[in-house]
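Shown next, in C-alpha cells, is the structure this report addresses.
Per-chain numbering from 1; labels A, B, C, D, E, F, G and H assigned in written order.
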Amino acid sequence: MVQAYILIQTEVGKASTVADVIAKLPGILHAEDVTGPYDVIVRAQSDSVDDLGRMVVAKIQQVDGITRTLTCPIVHL
Amino acid sequence: MVQAYILIQTEVGKASTVADVIAKLPGILHAEDVTGPYDVIVRAQSDSVDDLGRMVVAKIQQVDGITRTLTCPIVHL
Amino acid sequence: MVQAYILIQTEVGKASTVADVIAKLPGILHAEDVTGPYDVIVRAQSDSVDDLGRMVVAKIQQVDGITRTLTCPIVHL
Amino acid sequence: MVQAYILIQTEVGKASTVADVIAKLPGILHAEDVTGPYDVIVRAQSDSVDDLGRMVVAKIQQVDGITRTLTCPIVHL
Amino acid sequence: MVQAYILIQTEVGKASTVADVIAKLPGILHAEDVTGPYDVIVRAQSDSVDDLGRMVVAKIQQVDGITRTLTCPIVHL
Amino acid sequence: MVQAYILIQTEVGKASTVADVIAKLPGILHAEDVTGPYDVIVRAQSDSVDDLGRMVVAKIQQVDGITRTLTCPIVHL
Amino acid sequence: MVQAYILIQTEVGKASTVADVIAKLPGILHAEDVTGPYDVIVRAQSDSVDDLGRMVVAKIQQVDGITRTLTCPIVHL
Amino acid sequence: MVQAYILIQTEVGKASTVADVIAKLPGILHAEDVTGPYDVIVRAQSDSVDDLGRMVVAKIQQVDGITRTLTCPIVHL
C-alpha cells in the first residue's frame, strides 16, 4: 500500500470545484483548498507506485480545471 | 481582520489592465505593476483567512488576464 | 480554528529525524516523510493565522535540520 | 523616484527579527512578516534603480538572518 | 557527440502518450514517465549542442501535449 | 539610461521565431536562443525603469509565442 | 522493483566529485554531471519506494557536497 | 565555439564583488549585477560544452560568495 500527497494547481477560479470533484474519487482520503503556490492538497492511496501514477493520470488529471499536479509519495524511512 | 499580499502573474501584455481592474475591487488597498517574476502586487484585507480565500477566488481570479495568484497572508509574530 | 499544511525542506540526511521531532510538538496532527521537492509534510492547527505563524517560527523552525518551510493555510471556499 | 517591493527569505526562526530591523532602515516604507514562500515583504523607495540596488546590497542584505532577497521595482505602465 | 537529459512537463493526462511518441523519435535513447515536478524524462543524443537544440525544438516540442521542456546537457568534467 | 536582461519562456516550438522577431524591435541590443529553463535571453535598453516596463508589455510581450518574461534590470552597485 | 531518477544540486565546485562518489554506491545505475538547474542526474533502483527513500537519505545524501536531492520515481502508466 | 549565459545567485551582500572577480576570468565576455531572482548575469565562451562545464566548475564556482550557478548555453536553431 502506498499513500501520497498530491499538490495541485488549478485554473484561476476553479480551486473549489476541483477539490469537491476529487474528494469523491475512489482512493482519495481527502482534498482541501489551500492558499499559497498550490490551490488544492489531496491525500490518496493505492496499491503501488505504478497504480498511484495511473490514478493521477487517469482519474485526478481528468478533472476539469487542473493545470499541474505534483505527486509526493509518503515514505517510511 | 486579515491582510495579505497577493502576488499575481498575468498573461503577456495584460499586466496594466489587470492592476487597474483589481484596484477598484472592494477590499483592495492597492494594486501595482512590478517587474520580475510577478507582474502585479496587490494588498488586500478581509475579515478572516476563509474570507480572504473567497475574495481571491471569487473576485480577483475572475479578472480577465490572470494566470496565477500567490496569496501571502501577513502575520504578526 | 485554522488548519494548515506545512511543506518542509530539510538538510540532506535529516528528513526522518525532523519528521519524528515535529510529530511530537503541540498542535501537530501528523508529520510524514515524502519524496519530491519537499522532504516532510506536516498538518497543524491553531487558533488563528497569527498563532499559526508563531507556531511555525517559534516551534517548528526551531527543530534542527530544517532549511525552509512553506505554510499553506487550508481555506473553506 | 523609484519604489519597489522586496520579497525576502530568512533563515528559519529569524523572520520576526529581520522584519523589525529592516523597518527601521532609511528608505523603508514598511516591512511585514508573511506566510508562504517568502518570509518578509518590504516596500522601499530610492532615487533610482541603481540607488535601489545599492540600498538592497549595502543595507538590507547586511541584516543578519536573510538568505535571499528578490527586488521587484514598481513600474507605471 | 553530445548527450542530454530532457525534463518534460505535459498537459494533464498526456504524460503516457507523450513518452510513447518521443521514444520512437530518432536520437532518443529512452523516454519514461516519472512522478514529481516533471512528467517525462528523456535521454537524447546528437552531434552538437546546436543539433541538440534543433532536435528539441523541431522534433520533441512538436509532440502534442508538451507544455515545457528543460534540456540538461551531460558534461564530462 | 537603463539596460536589462529579459529572460523569456516561449510556447513549445516557438523559441527560434520569437528570438528573430524580438531582435528587430527598437531598443533591443540582442536576442538569442538558449537551452535550460528559459528559451530566449534578450538584452534591451531604455530611458528609465518605467520605459523599460512599457517596452516589455507593449512591444516584447506582443510577440506571438511568448508565455512568460522575466525582466532583470542591470544595476551599477 | 522501483527505478527512479534523482536530480541533485551540489555545493559550488563539488559536482564532479559528487557524481564520482555516487556512481560507486550500490543500487546506482549511473550518475552524470549536467548543466542547468541541476548538477548531477542519477539513475537508481531498489526493491520498493520505501527502500528507495531510505537509499536516498542513508546513502546518497551522506555524500559530501550535496545540497538538495529531488527523487522522481519512474512509473509505468 | 560555444557561448553561454550563466545566471548566478550570490550570498547576500556579495553580488558586486562576485561580478568584479568573474569579469577578470579568462573566457568571460562580461559580468553584470542585476535585480530579480538572480544577482549576476555572465556571458562566457569556450571551445565546447565540456570545456564550458569545466570553466563553470573550476573557475567561476571557485569565486567566493557564489551559492548557485545556472548555465544556459546559447544555441543556433
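Keep in mind that, in the parts below, contacts are C-beta pairs under 8 Å (C-beta built on N, C-alpha and C of every residue); 3 or more make two chains touch, one makes a residue touch a chain.
Protein identities per chain, from UniProt: A, B, C, D, E, F, G, H = AsnC family transcriptional regulator.
Bear in mind the structure is a predicted one, so any value in this text is a computation, not a measurement.
Asker: Which chains lie in contact with each of subunit C and subunit E?
Answerer: Output, common partners of subunit C and subunit E: A, G.
Asker: Sharing over half of the contact pairs with G-H by residue number is what counts; pick that pair out of C-E, D-H or A-C.
Answerer: Equivalent contacts to G-H are found in D-H.
Asker: How far is the middle of subunit D from the middle of subunit F, if each middle is the mean of its Cα atoms, in Å?
Answerer: Centres of subunit D and subunit F (C-alpha means) sit 26 Å apart.
Asker: Distance between subunit C and subunit F based on Cα centroids, please, to the nearest Å.
Answerer: Whole-Å distance between the two chain centres: 39.
Asker: Could you state the distance in Å from the CA-based centre of subunit C to that of subunit H?
Answerer: 36
Asker: Could you check subunit B for residues that touch two or more other chains and list them?
Answerer: 15-16, 33, 35-37, 49, 52-53, 57-58, 70-73, 75-77
Asker: Okay, what are all the chain pairs that touch?
Answerer: Between chains, contact exists in these pairs: A-B, A-C, A-D, A-E, A-G, B-C, B-D, B-F, B-H, C-D, C-E, C-G, D-F, D-H, E-F, E-G, E-H, F-G, F-H, G-H.
Asker: In their complex, what parts of subunit E are in touch with subunit H?
Answerer: Where subunit E meets subunit H, its residues are 2, 49-50, 52-54, 57-58, 73, 75-77.
Asker: Spell out the part of subunit A that touches subunit E in their complex, as residue ranges.
Answerer: 49, 52-53, 56-58, 61-62, 66-73
Asker: Residues of subunit H touching subunit D in their complex?
Answerer: So the residues of subunit H touching subunit D come out as 9, 12-13, 15-16, 33, 35-37.
Asker: So in the complex, which bits of subunit H are touching subunit F?
Answerer: 4-5, 7, 15-16, 19, 32-38, 41, 70-77
Asker: Using the touch definition up top, name the residues of subunit E that touch subunit C in the complex.
Answerer: 35-37
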